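First subunit A sits with subunit B, and in the next complex the same chain sits with subunit C.
Here is the complex of A and B:
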C-alpha cells in the first residue's frame, strides 16, 4: 500500500536521489581542486548578501535611503553585492562552459543556471527602476520603448513604480531563490562533473 | 529519447568511482560568506553608491520654462511623443513591427493615456485657478474636438516655426491654448504639478506612468540624460550616474544599439524598428544560452580549446593525462 502514497513515494525518491551524504558531503572527487569551483559558492554568498541588505531596505521603505546616511550605506551594500554577484556568476558561467559541465546528464543543471542568469538580469533591472531617483526616471522612460515594441510593456509596465517595486521585492527574488536552490540541489544529486579527458582507466587505477 | 550513450557519456553520468579528497562543504560555504561580506562592506564604506536626486516638473518649468510651455502645447495639440505613441497608451500610432508581427499593436491599450486631458486639463481643473485660466478651461471644455485641435495645432506650428522662441510667436487664433499652457507652466513652477500628477485625483497612488511619460516628452530629461552620459546610442544603457559601474551585464543588449542598421532610424525595416528587432535578437540569444549544450559547434568548443587542461591541471598531472582521449 505504502508505495502508492504520495508522501511515501516523495520521501523514498528524495532519499534515493539525494541522501544526506550527497547533500552535505565531506569528500569530493580528487579532480575538484581548482579555484574555478569556488565561484558557484561565491555566487551564493553574494546572493545572500543581496537578500540580507535588501530585507533591511524593504523594512525601511523604498525612499528611506535618500534621507538616512545609514540607509544610504545599506543601499551601498545592496549595490556592491549585486555587482559582485554578477561578476561571480559570469565567471562561474564561463568556467562551466569551458568545463563542458553539462556532460553526463547535467543538461538540466546548465539550463537551470542559464535561466537564473537571465532572470537575474530582469531582477536587477527592476531594482534600478525602483531607486526613486534620477537614474530610475531615466531608465523607466528609456526602457519602456523596448518592452512596448515587443508587446511586453502592455503587461510589464516599467514606468509603473508600484508594479516594479512589488515584482522586485516579492515575485522575482522568490523565483530566483527557488531556481537557485533547485540548481544547487541538482549539482549535489549528480555530483561534480568529471574532467573532459577522464575515463574509466583513471578510476580503475584507484581501486 | 532512446539514444545510445557513448562510453564517455555513461562514465560522466555515473557516480565517481575514483580517488577522493577531503572536502568540508559547510566550512567552505561559511568562509565564502564571510569573505564576501567583508568585501561588500569595504566596498560600501570606500565607494558608497550613486543616488542622484530625481528631477521635478518644478525644476523643468523653472530652468527651461519655454520648453515646458511648448511641450504642454504639444500635449494639447496631440503632437507630443506620448500623444502619438500608440499602444499600450493609445491608438494614435501603429508602433513597431518585425515583418508581419505587430506585437506592440496586438498587445492592445492597457494603460490608456489621453495626453491633453491627463497631462494638462485634469491637473489644471484640480487646482484653484486664476480667472483667466478658469475662463480658458471652460472655453476648452465647451469647444468641439475639431476646434480644440485646430487652436492647439495652429499654435504648436507657430511655436515650431520660430524654433520654440516664444517671444517671437506672432499673434493668431490660438483660442484658450496660450492661457492653458501658461497656467500649467505657472503651476509647475510653483511645484504644484508634481503633486497634481502624482495624486491624479485620488488618495493613494502607486502608478507613475503618467508622470514619467509627460516628463520624457520635453527636453529636460533628455538633456539631463545626455549630460550624465546615459544616452543609449553611446552605451548609456550600461552606465550609471556618477563614477559608478552600471549594468555591465547589458553589454550585449547595448551593443546592437551602436551598430548599423540599428543606429539608422530611417532605414527600413530594421533601423526604423530597432527596438523590437533587438528585443527579438536578445530573446533568441537568451534561448541560445539556455540551450547551448545542444548547439553543434559551440558545444564542442570546450573539448577543442583546451582551457580545461588549466582548470584541472593538478588532476591531469597526477593522473599523467597527456593528450585528449577519445
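Here is the complex of A and C:
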C-alpha cells in the first residue's frame, strides 16, 4: 500500500475531526439559549474592535492619536475595547468554571482559554508601556524592578520602547489571534459544553 | 473633561482598607458590576428562545 502524502493525511484528519457541519453549525442545543453563553462571542467581538482600532492607531502613529480629536477618540476606542474584552472574558471564565467546562474531553479547550487569558494580560501590559506618555514611563520604571528581580529583565526589557512596541503590535497579537482561533475550533469540534444537570437527550456527545 | 468626571479623574483614587485588604473604590465598582452582570446573565431569560415547536 502506497503511503499517502502529508497533504492527504492532513485533509482526512481535518474532515474526520472537524467536518464542515461542525465548523459552521446552523443549530445549537437548546441550553445554549442563555445569556451566560453569549460572553465568549462578546469577547471575540471586543477583540475584533481592539484589532481594528489598533490597526488605525498603528498606521496613523502617536503624533496623530496624541494630538487630533479623532485620534483621541480612536485611542479611547482601543482602550475601552480592552476594558470590555477583559470584563467579557472574565465573566466567560466564571461561567465556564462554574459549569466545569473541561468535562467531555474538553480539557485542552479549557487550557487554551487559560493560556489566552494570561497572554492577554501580557499584551495589555505592553500596551500600557507604549502609550508614549508619563503614565507609560511610570509603569515601565515600576515594572523593571520586578522583571529584573525575576531574572528576565535582559530578555524582556520594559524600558525598551522598540521591543515593547513590536511585542504589542506584532508578536503578541499574532500568537493571541492564533490561540483564539484554535480555542474556537476546539469549541466547534467538541460542541458547547452542556450544563451539569442537562438532559442527556438534549446534548451533543463530545467525541 | 468637565464636571464631575474631571473632578473624579484628576484626583488620586480613594482606597478602602480593612485589615490586609485594600482596594480602590473604582476597582470595587468594576468588580461589583461584573458580578452583577454574571448573576443577571444566569437569571434573565433569553429572548426569542427558539424551540422545535416554533419551527414546525
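We adopt the following convention: the second predicted complex is superposed on the first by the 192 of 207 C-alpha atoms of A that agree within 3 Å, B and C clash if a C-alpha of one lies under 4 Å from a C-alpha of the other, contacts with A are read in each partner's own complex, and residues count from 1 in each chain.
The working rule: a contact is a pair of C-beta atoms (placed from the backbone, for glycine too) under 8 Å apart; a residue touches a chain by one contact, two chains touch by 3 or more.
Note that the structure is predicted; figures quoted are calculated from it, not measured.
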item	value
Which of subunit B and subunit C A:91 touches, first, second, both or neither	second
Dominant toucher of subunit A (residue count), subunit B or subunit C	B
Contacts of A:118 with subunit B and subunit C, given as first, second, both or neither	first
Which superposed partner A:12 touches (first subunit B, second subunit C, both, neither)	neither
First (subunit B), second (subunit C), both or neither touched by A:36	both
Partner chain in contact with A:105 - subunit B first, subunit C second, else both or neither	first
Subunit B versus subunit C as contact partner of A:26, first or second or both or neither	first
Intersection of subunit A interface sets (partners subunit B, subunit C)	30, 33-34, 36, 38, 90, 95
Complex interface listing, subunit B residues touching subunit A	7-26, 28-29, 32-33, 35-37, 39-41, 43-45, 47-55, 85, 87-88, 95-96, 103-104, 106-108, 110-111, 206-209, 212-213, 215-216, 221, 224-225, 228, 230, 232, 236-237, 240-241, 244-245, 247-250, 273, 275-276, 278-280, 283, 286, 289-294, 299, 301-303, 305, 307-308, 311-316, 318-319, 321, 324-325
Subunit A - residues contacting subunit B, complex	24-34, 36, 38, 41-42, 44-46, 48-49, 53, 65-66, 72-73, 75-81, 83-84, 86, 90, 95, 97-100, 102-107, 110-111, 114-115, 117-118, 121, 124-125, 128, 131-138, 140-142, 144-155, 157, 159-163, 165, 190-200, 202-203, 205-207
Residues of subunit A touching subunit C in the complex	30, 33-36, 38-39, 87, 90-91, 94-95
Residue numbers on subunit C that touch subunit A, as the complex places them	30, 34, 37-38, 40-42, 44, 46, 49-51
